[in-house]
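Chain naming follows the written order as A, B, C and D, and within any one chain the residues start at number 1.
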Amino acid sequence: MFERDFLPGSDRGFRNRFYRLAFHHDSPGERNFDLWLIVAILASVAVVILDSVPGVKSRWHEALYVAEWVFTVLFTIEYAMRLWAVRRPLRYATSFFGIIDLLAFLPTYLSLLLIGSNYLTVVRVLRLLRVFRVLKLVEYSSEAGLLVDALLRSRRKIFVFISTLMTIVIIFGALMYVIEGPEHGFTSIPTAMYWAVVTMATVGFGDIAPITPLGRLITSVLILIGYSIIAVPTGIYTAELASSLRPRRRNVRCTECSLAEHEVDAWHCRRCGRCLPDEAAGS
Amino acid sequence: MFERDFLPGSDRGFRNRFYRLAFHHDSPGERNFDLWLIVAILASVAVVILDSVPGVKSRWHEALYVAEWVFTVLFTIEYAMRLWAVRRPLRYATSFFGIIDLLAFLPTYLSLLLIGSNYLTVVRVLRLLRVFRVLKLVEYSSEAGLLVDALLRSRRKIFVFISTLMTIVIIFGALMYVIEGPEHGFTSIPTAMYWAVVTMATVGFGDIAPITPLGRLITSVLILIGYSIIAVPTGIYTAELASSLRPRRRNVRCTECSLAEHEVDAWHCRRCGRCLPDEAAGS
Amino acid sequence: MFERDFLPGSDRGFRNRFYRLAFHHDSPGERNFDLWLIVAILASVAVVILDSVPGVKSRWHEALYVAEWVFTVLFTIEYAMRLWAVRRPLRYATSFFGIIDLLAFLPTYLSLLLIGSNYLTVVRVLRLLRVFRVLKLVEYSSEAGLLVDALLRSRRKIFVFISTLMTIVIIFGALMYVIEGPEHGFTSIPTAMYWAVVTMATVGFGDIAPITPLGRLITSVLILIGYSIIAVPTGIYTAELASSLRPRRRNVRCTECSLAEHEVDAWHCRRCGRCLPDEAAGS
Amino acid sequence: MFERDFLPGSDRGFRNRFYRLAFHHDSPGERNFDLWLIVAILASVAVVILDSVPGVKSRWHEALYVAEWVFTVLFTIEYAMRLWAVRRPLRYATSFFGIIDLLAFLPTYLSLLLIGSNYLTVVRVLRLLRVFRVLKLVEYSSEAGLLVDALLRSRRKIFVFISTLMTIVIIFGALMYVIEGPEHGFTSIPTAMYWAVVTMATVGFGDIAPITPLGRLITSVLILIGYSIIAVPTGIYTAELASSLRPRRRNVRCTECSLAEHEVDAWHCRRCGRCLPDEAAGS
């Protein structure tokens, strides 16, 4: 996963220097490269976004079109140089960020062939994910790591939670489809399930809303269920995060006074001063 | 509750083998049976859902009708075999999952008699609950157990909370019914109570919304109350969950005064001062 | 506050027995009285609610009118007997629950004089608060006490929080009033403040919604602020509740081994077994 | 930041007395000044708000206009006296609260020149921030400090969180723009991003809502993502707050190896085993 895992294609010369610029993030020069790359990525995403605004498009379309091609060529060159700089280009090209790098410029070329395909716009926006390459490795990685760790450790609990949620959504969706029916906007069970998700998660667009008294009663029940169980993911996550922030103890017992649970960096028993035994039983 | 509690009708032969397939979840073969059962359940629910979409129904109705009957026959055979495999069929038939199993195929037969009854659709969807039979016993049971335990232990607090909530809902419902009145959509106190639930839980469909300045002021107060007390169930649940994850006491009993549950690092009984026995039984 | 504080008017006889029925909640007979009182209160509130539904009112108005008067007479008799049973009737009549008891039947008599006053409906619903008299003293009081305690202890933090919230609401309200203006529904600063409360608390009725790009940008900022600080009350409350659930320690130091912080019920030091000194310094 | 940092211009006389009145908050007289200042600020903000209500404006415009000028003159005099009372007026004038004090009356004078500029209304409302000068220094400062501290310590985690949120918003915004298109209200990517913020944060105005089945499916996914990660800021904040409330280490330094911060019950240094000194410096 870590980009540093790609070995450089050469030990010195420009090829090695570009490798370090593109894949390392330590020296000031390498950080400058990262900074400019982030600026280019954000600017190119801004171009895509602005091009979708009718007022802006009608006036600045040529400028935005040129800017899009400038960024595309830049990203193409960068991609080619990355391929050239690493020892095993194929391994890079098939890695997660290798594919994201490819998707950053490919859609613009494809748009010459497939005129009018709107979906390429979405693919273009995906180049935003390239920012995370830099973010991941530098300053915020330990913070993000803490958050993601807590998320991963609670993934089984979250799976159980999402399963329960989906079951409630399907059952209440079917119920509301039968009670309210197509004449009140609940045109099918999938539509009613969409409404149940929107309602349980307390979004409540109001594009579909119950009208019959029974439907409103069941809606109130559904809302109270949603309101009660919104506590569950928060509780799961908070408890996990709190236990990550709590200092871990070594599970070792003092041979003199048999006091258990010492701090991770403790050499001597904190009660009797005796040296702690070496073998640290896993946490 | 646990399905393993049903004793097998026979100790060996096909009857015992089917019993193990249907009610146990340990060997690869038993897990394969579970997997195929889940697939069949999800597919049959998908058939019910798809049949409610007008576009799909008009084109694929025959195929869906056939699929529904195939699943119904399968579930009927499975139910009959389960009845045959257990020692006391009646006890199985009246258990929670026995009834769910019956409801999985009964509505389709009933639909031949009661043509056009929409409510049978909802009953059909209930077969989704059969998935939990498998989920319950296998991998995720301890995770789910933890979540449900914390929920159960906080049930009295949640009851107090829901009572307070309902009182606020009724009082604000009556208030808004009087202030806004039927001409602004608050056609009755139950309708206004439905609105109060939708508002307090921050769903806010917008199908009914206050228009008078006084009504809007009271709505703001109601929202602030809801916003403040949404912290309560989350707090209850998180605190319960955190206390489940916290280290328990040593489960050791004093030989002198038989006081149980001492702190992890205790050597002497905190009541009589006698030395505690060494062996610490794990929690 | 506690109703037991009212002294009985007589030490024995029917007067004392009614006093115990009405104000105590211990013996089976007293609990039966509570139960029937709760049933009567809930039924009378149901009558008020049902009377507001047009369909029900047109058909069952006479029955509901009679029921309302039956409950009113019952509550009047009960109130009179409570006044008669306590030693100092005036102190009871001016207590919180004394006023609630009075409000339970007064509006029905007033409705004979002030025909058509809708506000009496709300006062009638307030009789629901009488239920809390019973709830307060019996089973759920320690649970509710825990919740309310945590709420009270965090009241200063919540005051700071609400002040910040109101400042944000006023400033964003004024901002949106200027940007969107009356033509998009933001007819005055109070209206825009109502909208800001509805938006920050993630209710989002949609009766008023921004239309200009700048207004939508500011709305997004407001929503992100609201989304970020919704964590604050939950965090405050959860932390307070978790610290209430944690076992308190006695702040006493062992004279032998000077180990501090023993459990509340500890007599002997848990490390050296020596008797702990008597004086317990406050927590 | 603290206003006490401004030195008084004189050690005694009226100038020093006004200095103490305006910048200190200790004696009853100084608190009275604060109280009247808060009343004047709140009243002047109320005037601005009331003046925006069409019904009020048409009837009371003259009175509100006079009140606005009375407050403006008062604030001008107060500002001038503050400038005169401190030793270095320029440092006060360029401080945060100095600018807020200036903005409290400047817009009213500017409104004589720039007739009809609505934006001055917003600037006028900013005078509300002056209330925080008083709040900051008095009773609630330690409570607010605790809340803000926890917020500051979690700012890096919150930055990571907001970055992730914005990425999801941009990608789902682009996706919905392509799928639903301008004919269903998603007129541009920025509009779709506004919709994604409104949806993820569970506000859900309903002014824009998906209509195509695919759009509704993606909306459900977006809502579930939002519902899952709303736990994250709450978790971050609660964990930080809980760790502020948790007991700190003993701030004692080992005489041998000078390792600081030992556990509350430690007698010996955990690194070198030497006895720790007795005196426990408070946390």
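Methods note: a residue touches a chain if its C-beta (ideal position, glycine included) is under 8 Å from a C-beta of that chain, and two chains touch if they have at least 3 such contacts.
In UniProt terms, the chains line up like this: A, B, C, D = Ion transporter.
None of these values were measured; they are calculated from a predicted model.
Enquirer: Go through B-D and A-B and name the pair with more C-beta contacts between its chains.
Expert: The greater number of contacts lies at A-B.
Enquirer: Chain C (Ion transporter) and chain B (Ion transporter) are one sequence twice: same or different residues at the contact, by the over-half rule?
Expert: Different-residue interface.
Enquirer: Please pick, from A-D, B-D or A-C, the pair whose interface repeats that of C-D, with more than half of the contact pairs identical by residue number.
Expert: Duplicate interface of C-D: A-D.
Enquirer: On a CA-centroid basis, which chain has its centre farthest from chain D (Ion transporter)'s?
Expert: Result for the farthest chain: B.
Enquirer: Can you work out the whole-Å distance between the CA centroids of chain B (Ion transporter) and chain D (Ion transporter)?
Expert: 41
Enquirer: Just the number, please: Cα centre separation of chain A (Ion transporter) and chain B (Ion transporter) in whole Å.
Expert: Each chain reduced to its C-alpha mean, chain A (Ion transporter) and chain B (Ion transporter) end up 29 Å apart.
Enquirer: For chain A (Ion transporter), which residues are shared contacts with two or more other chains?
Expert: Answer for chain A (Ion transporter), listing residues that touch two or more other chains: 190, 193, 202-206, 230, 234, 236, 238, 242, 271.
Enquirer: Per the contact definition, I'd like the list of chain D (Ion transporter) residues that touch chain B (Ion transporter) in the complex.
Expert: Answer in residue numbers: 202-206, 234, 238.
Enquirer: Would you tell me which residues of chain C (Ion transporter) are touching chain D (Ion transporter) in their complex?
Expert: Contacts found on chain C (Ion transporter): 156-157, 159-161, 163, 167, 170-171, 174-175, 177-178, 181-182, 187-190, 193, 199, 202-206, 209, 211, 213, 216-217, 219-220, 223-224, 226-228, 230-232, 234-236, 238-239, 242-243, 259-261.
Enquirer: In their shared complex, at which residues does chain A (Ion transporter) touch chain D (Ion transporter)?
Expert: Counting only chain A (Ion transporter), the residues touching chain D (Ion transporter) are 45, 48-49, 52-54, 118-119, 121-122, 124-126, 128-129, 131-132, 135, 140, 143-144, 146-147, 150-151, 158, 162, 165, 190-191, 193-194, 197-198, 201-207, 230, 233-234, 236-238, 240-242, 245-246, 262-263, 265-275.
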